[in-house]
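Dropping the structure in here first, questions after.
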Amino acid sequence: MNLWLIPIFPLAGFLINGLAGRRIPKALINTVAIGSVLLSFLWVLKVLFSAGSLDTAIGEHYFTWIQSGPIHIGCDFAVDRLTAVMLLIVTGIGSLIHIYAIGYMDGEGGYYRFFSYMNLFMFFMLTLVLASNYLLMFVGWEGVGLCSYLLIGFYFTENFATTAGNKAFIVNRIGDFGFSLAMFLIFRQFGSLDFSQVFNGAAGMPKEAGYGILTTICLLLLVGACGKSAQLPLYVWLPDAMAGPTPVSALIHAATMVTAGVYMVVRSHALFLHAPIAMDWVAGIGLATAFFAATIGLTQFDIKKVFAYSTVSQLGYMFLGAGVGAFSAGIWHVMTHAFFKALLFLGAGAVIHGLHGEQDLRKMGGLYKHMKLTAITLLCASFAISGFPFTSGFFSKDAILSAAYGRAPWIYWVGVFTAGLTAFYVFRAWFMAFTGEYRGDKHPHESPLIMTGPLMVLAALALGGGFINIPRWLEPMFPETGGENPVLVWTSAGVGMVGILLAWVFYVKAPDLPGKFANALGGLYRLVLNKYEVDEVYDALIVRPLVDGSRTVLWRGMDASVIDGAVNGVGARAKGMGAVMRLAQSGYIRSYAAWVVLGSVLLLLAVGLGGAR
Amino acid sequence: MAPSYAVPLNWYLILSAILFCLGIAGFLYRRNIITVFMSIELMLNAVNLSFITFSYKWRAVDGNIFAFFVMVVAAAEAAVGLAIILTVFKNRRTLEIDEISSMKD
Amino acid sequence: MDLTYIIVTLVKLIIVFSVLMTTLAYLQWIERKVIAHIQLRPGPYRVGPHGLLQPLADVIKLITKEGMIPSHVNKLIYILAPFLAVTLALVNICVIPFGPEIHLDVLGHQINTWLQMTDLRIGVVFVLAMSAVGVYGVALAGWSSNNKYSLLGGLRSSAQMISYELPMALAIACPLLLANTLSFREIVESQSGYFFGFIPRWMIFQAFPLQIIAFIVFIIASFAETNRIPFDLPEAENELVAGFHTEYSSMNFASFFMAEYCNMVTVTCVSTVLFLGGWEPLFPAPWSDYAAPAIFGLAGLVSLWAGLNPARPKDRFTFPVVALASFGLAALFLAGEFVFPVINVIAMPLFWFCGKTLALLFVWIWVRGTLPRFRYDQLMKFAWTFMFPLGMVVMLATAAVVAVFPR
Amino acid sequence: MDIALFIIFAVIALLCGINLVVQTHPISSALSLIGVMGALAVLYLLLGAEFLAAAQMIVYAGAIMVLFIFVIMLLNAGAERVTKTRQLVKIAGVPLIAVFLGIVAFVIQAQLPRSQLVWFGGFSGGGPRDIGIPLFTRYLLPFEVTSVLILIAIIGAIVLGKKEMD
C-alpha cells in the first residue's frame, strides 16, 4: 500500500527547498515544507485506516539494496502496531512543529536551509521507523544523527553552536559504533538482518543466564540506544544540543529522534526478552539516568537546559519501562512525552521569542500577564509531565512505575522520588518564568497565532493524550504487564503534587528559600549546578589523551614518516621507471602503429597457429 | 541446397582481411592525418564485412547488429576525430602527422 | 527469371525512363511558364505554340555548345561530379510504385506485374541513402572547380544537405511508424480505404494532426534537399555567381539541372506515396472513376471557351487543339469505365498518382515564384533550432500514438 | 550470377582500397574510400544484410565521408609533401603486413571448411524488422549506451569546434 510514499514526501520537500530555496519566495518554501509533512501525515492516516487491525506486520519489498554472497539486504518497509504508533507521533508532532516553526523562524537567516533540514530529518526518521531490517534502520539512524548535527549547528556563525553540533555528532559515533558491532554480531548469529528472521531465530533460542551472544548483542544495541537517546554515560550531548533553534529542540531532541533508542530497544524486544541481564542493564541505566538528570534539572537557570535535562530523565523512564519488560508502557510514555515535552519546548520557544532571545529564568518572571496563552499551555504541559492525575503523563508514567514495582520495589521508590523531583523543577521553571515580578529588561509580547495554535493543540493532547490506551493497542505484540495497583498510582501522583507544592513554596511563597538552601549545602549545590563536572571529567579522561595521542603518534609518527614516506617512495620509483620507458615513446604515431602491428602479428602467431592445429 | 553459382565463404573473409591490411598500410605509410583517419575507417569497414559474413555463416542476426554498433561508434569517432583535426590544424597550421609529435617532450 | 519477366521489366524500364526524361524536359517549360504567369509575363512563347518546343531547343543548344573544361580544375572529379549527381538522382525512381498489381493477357501470356520497377523491403531507406549520397555531386563539383565561389557553394550545399537530412528522416519516420513497414508498396496499401466512408486513409489524415505537421516538415526539408528556393544558397546567383556550377558549361551544366528536376520529381513522388496515399483515389470507388473524365472535360470546355474568345490570334487555333485532346482523354477514361475496363485498371491509378505528383510539383514552382532566399545562418538556425526539434516531437508523438493504439 | 557480382565488387573494393593507400591527395583517398564503401554495401546485400547495406550508404557514405570531404574542403588540404618515413616503419612495415595477412589467410583457410558457401537469399535475416527487434530487446543496454556515447561525441565535437585556439 505504497508505504514508500510516507518518507518520499519530506524527501521531495527537502530537495525542492534545498535546491531552489534560495530563489523561491518564502510563501512557497512554507507551502512545500509544511505540505510535504502534512501529506505524509495524511498518507500515514490513509495507510492505517486501510490497513485495518495490524495484528501482523504488513511488509513491502522495493528493491534489493545489497546482494553479496550470503548478505542479502533489501530496501523494504514494514508497518505493524508499534510502527503505526511511532509513525503517528513523528508525522503528527512533526507537522505541528513545522507549522510552529514558520512563526518562530520568521526573519531568521537561512530560512529555507532550516526547513530543508527539517524535511530531511522527517525523511530519515520515517525511514528509521518504517525500516524492516537493521541496516535500513541504521541508515535512518545515521541520517537523523546527521540532521541533528546540521540543525544544532544551524547558527554556524556562533562558536558554541558548532562545538555543540560536533559534540553531539561525536558522542553519537560511540553509540553508533556499538550499534554497528551489534549488527555484525546479529548477522553472524542469525545470517540475516531482517527483523522477522532475526526475531524468529532469537525466539528459538533459550533464555541466557550468563553473558552469551544474545546478551552481548543486546548490550551493544543498548550502547547504541544510549548514544541516540542520551542515556548515561552518553547523555552529555543533549543539553548542549539546545544551541539549535527551539523547534529543533522540540522535534528532534525531545519528541522524536531521542526516542529512537527506546524504539530500537522495544523493536528488538524479542532479543532482549532472551537476555535478562541486558534487560537489567537497560532498567538500571534508565533509572540512574532519570534520577541523575532530574537532580541536575533542579539547579539549571537556562529554561531550555531545564527542559533538556527533564528530557534526559524522561527518556530514562522510558528505558526503565523497557528494562522492566513494560515495553508497551515505554512506548506509551514515548507518545505522551512527545506531547508534553514538545509542548514544553515550544512554549519555552514562545517565551524566548517573546523576550527576543532571552533564555535565563532569572531574567524572566511575571510573564503571565504578557503571554497568557503560552503560560496556560505551559502549565498544562507541566501538569502532564509531573504526572498530575488524569493528565497524559499520569497514565504512562504510572504504567511504567507499577511495572517497575513488579520487578523490584526499590526501583519503584526511586522512580517515584524522581517523579517528585521532576514535578519540582518543572514547576520551578514555570513559577520563575510566569509569576512574581518581571526581572528582565526586554519588552515581552505574546507570540502570533501560528505559534500559539500548535501550542493549544498540543496542550489538548498533553492533557487528554493519556486516554489513548497504547498498551491495549500493543496488546498482541507485548503481553500486558501487571495490572494497575491503585495504591502505587496514587502514591506517585501524590509525590508529584508534593513536588508541585514545594516548588510553589520555594518560588512563590518564600522566594528567598532557594538561596538559603544553596548556601546551606554549598558544595553539593555547586557540584550539581556544574552538572557534576561530567563534561570536565570526560574532557580530562578521554578527549585530551585522544587529541594528544593522535597529534604525536598518529600524525607526526605514522602519517608524516611512514605513509608519506611510502607514497613518495612509490612516486620516485615510478618516475625512475618512466624515465626508462619514455625512450620507447618516440612521439611518432606511425611508429606506435608499427609496434601495434608487430604485437598483433606475434599474438596471431601464438593463438592462430596454435588454434589451427 | 547451395546453387551452383554460390561463392565460398572464405573469399569474403579473405577480402575483409586484405582490406584490413590495406588499412594498416595506409596508417603506416600515409602522412596526412585525414588519410590516416580514413585508413582507420577502412579497417572498420573490413571488420564489418567479416562480422556480416559470420552473421551469414551462423544464420544469426547478431553479426549485423555488431556491425551496426561499429558503424554508430565510427560515426561518433569521426565527429570527434575531425573536430580534433580541425583544432590541431588551427594550432599547428599543418596536417603532417610527424610534425605533431610534441607529446614526447 | 523467365523470359516474360525480363521482357516486362525491360518494357517498364523503357516506359518509365522515357516518361521521366520527357517530364524532366517539360518541367523546365512548365516552370518557366508558371513563373512567367505569376509575374504576369507570357513566358516562352516563340518556339512552337506557346513555346512548347522550347525544351527541345534548349536541349539542342546545350548539346551543340562546346563543353569546355577549365585548365585549373581537377579533371577526373570535375567530369565525375555531374554524372554522379544525375545518376544518383535518377536511380531513386526505381523504387517508386506508380500503381497496383495489374493482370494483363498479352498474346496469350498471363502477365501479373506491379506498376513499379522493383519493390525493396527497404525502399524508403534506399531513397534516403541515395539522397544522402547525392551530396557528393554538388560538393565535389564545388571543390573540383577550384574556384572560391564554387568551393563556398559546395561547402554550403554539403552542410545544408546534411543538416536537412535529419528533419527529413524524422518526418519520413512518422508514416513508417504508422504503416509499420519500409516498403513503399506496403505503405501505399496501408493507406487504402476511407474514414467514415469519405475521408481517405491517407497518411496526412491519419493520427490527426501529427501527420500534417510531419508532411509540412518533410516538404520544407525536401525543398532544402533539392536546393530549391528558398534554400538555393549553393547556387545563389547574386552571392556566389551560381555557386557550384559556375565553371560548368554545356551538357555538364545541363546534367546538374536534370539532377535538380529529377530530385524534385523523386521527392514529390516520395511524398505522394508516403503522405498522399500514392495511387489511392480521393473519393470512394464509384465516384472516383468519374473524377478523371470530369476534370478533363472541364479542361476541354475551358480551353474551348478560351479559343472562342482568344487573347492572342494564335490561340484561335491552339486552344481548340488542347480542347480536343482533353475531350479525347475524357472519352478515353469514359471508355475505360464502360467499354474496356482494362484501360481503367492501368489508367486510373496512374491518373491519381500523376495528379497528386503534378499538384505537388506546381507547389514547388509556385514557392519558387513567391518566396525570397534565406540567409545562410538563418538557414542553419532554422534547420537545427526549429525543424529538427519539431520533427523529433512529431515522431515521438506518432510513436506514442502507435504505442497507445496499436493496429 | 552471385560469383560474378562478388568478383566485380570485390575487385572494385580492392582497387579503391589500394587507391586509398597510394593516392597522396586526401580527396582522392576519400573518393576511393567511398568507392570501397559502395562496393561493400553491395557485398552486404549479397550476404543478405540489406538493412546494413542501406545503413552503410547512409551513415558511412552519406554522413561520415561527407564530413571528411567537408573538412578536407574546409582546410583546403593539399597533397602530402614527401618527408622521410620513420625508421621502424620503413624497415618492418611491408613485411609485417605481409606476415599478418599471410597468417590471417592461413587461419581462415585452416579453420573454415571450404564447403561453406554464400548465395544470395541464403540468409534473409538482415531486414529492418529482424535487426530492430533484437536491437531493442536483447541489445537494449548497448543500444542506449551507444546513444549516450553519441551524445558525448556531439558535445565534444561542439566544444572542440567552438574553442578558439590562438
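Each chain gets a letter, A, B, C and D, in the order it is written, and its residues are counted from 1.
Throughout what follows, a contact is a pair of C-beta atoms (placed from the backbone, for glycine too) under 8 Å apart; a residue touches a chain by one contact, two chains touch by 3 or more.
What you see is a predicted model; the values in this text were computed from it and never measured.
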Can you list the groups of chains that still touch once subunit D is no longer counted?
A, B | C
So using the touch definition from the top, which pair is joined by more C-beta contacts, C-D or A-D?
C-D
Go ahead and note the Å separation of the Cα centroids belonging to subunit C and subunit D.
33
Rounded to the nearest Å, the gap separating the Cα centres of subunit B and subunit C is 37
Return the distance between the CA-based centres of subunit A and subunit C, expressed in whole Å.
77
Go ahead and note the Å separation of the Cα centroids belonging to subunit A and subunit D.
66
Shared-contact residues (touching 2 or more other chains) in subunit B
24, 28-29, 98
Spell out, as numbers or ranges, the residues of subunit C touching 2 or more other chains.
none
Which subunit D residues sit where two or more other chains touch them?
51, 55, 63, 67, 72, 74, 85-86, 89, 93, 97, 100, 104
Specify the contact topology among the chains shown, as one of line, ring, star, complete or other.
other
Quick check: in the complex, which residue numbers of subunit B touch subunit A?
24, 27-29, 36, 97-98, 100-105
Inside the complex, what are the residues of subunit D that reach subunit B?
1-4, 6, 10, 13-14, 17-18, 20-21, 24, 26, 29-30, 33, 36-37, 40, 43-44, 46-49, 51-52, 55-56, 59-60, 63-64, 67-68, 71-72, 74-75, 77, 80-81, 83, 85-86, 89, 93-94, 97, 100-101, 104-105, 108-109, 112, 114, 116-119, 122-123, 125-126, 130-131, 134-135, 139, 142, 146, 149-150, 152-154, 156-157, 160-161, 163, 165-166
Flag every residue of subunit A that touches subunit D in the complex, lowest number first.
586, 588, 590-591, 593-595, 597-598, 600-601, 604-605, 608-609, 611-612
Which stretch or stretches of subunit B touch subunit D in the complex?
2-3, 5-15, 17-26, 28-32, 34-35, 37-39, 41-42, 45, 48-49, 52-53, 55-57, 59-62, 64-65, 67-69, 71-80, 82-87, 89-91, 95-96, 98
Touching residues of subunit C toward subunit D in the complex: what are they?
74, 77, 120-122, 125-126, 128-130, 132-133, 135-136, 139-140, 142-143, 151, 154-155, 158-159, 161-162, 165, 182
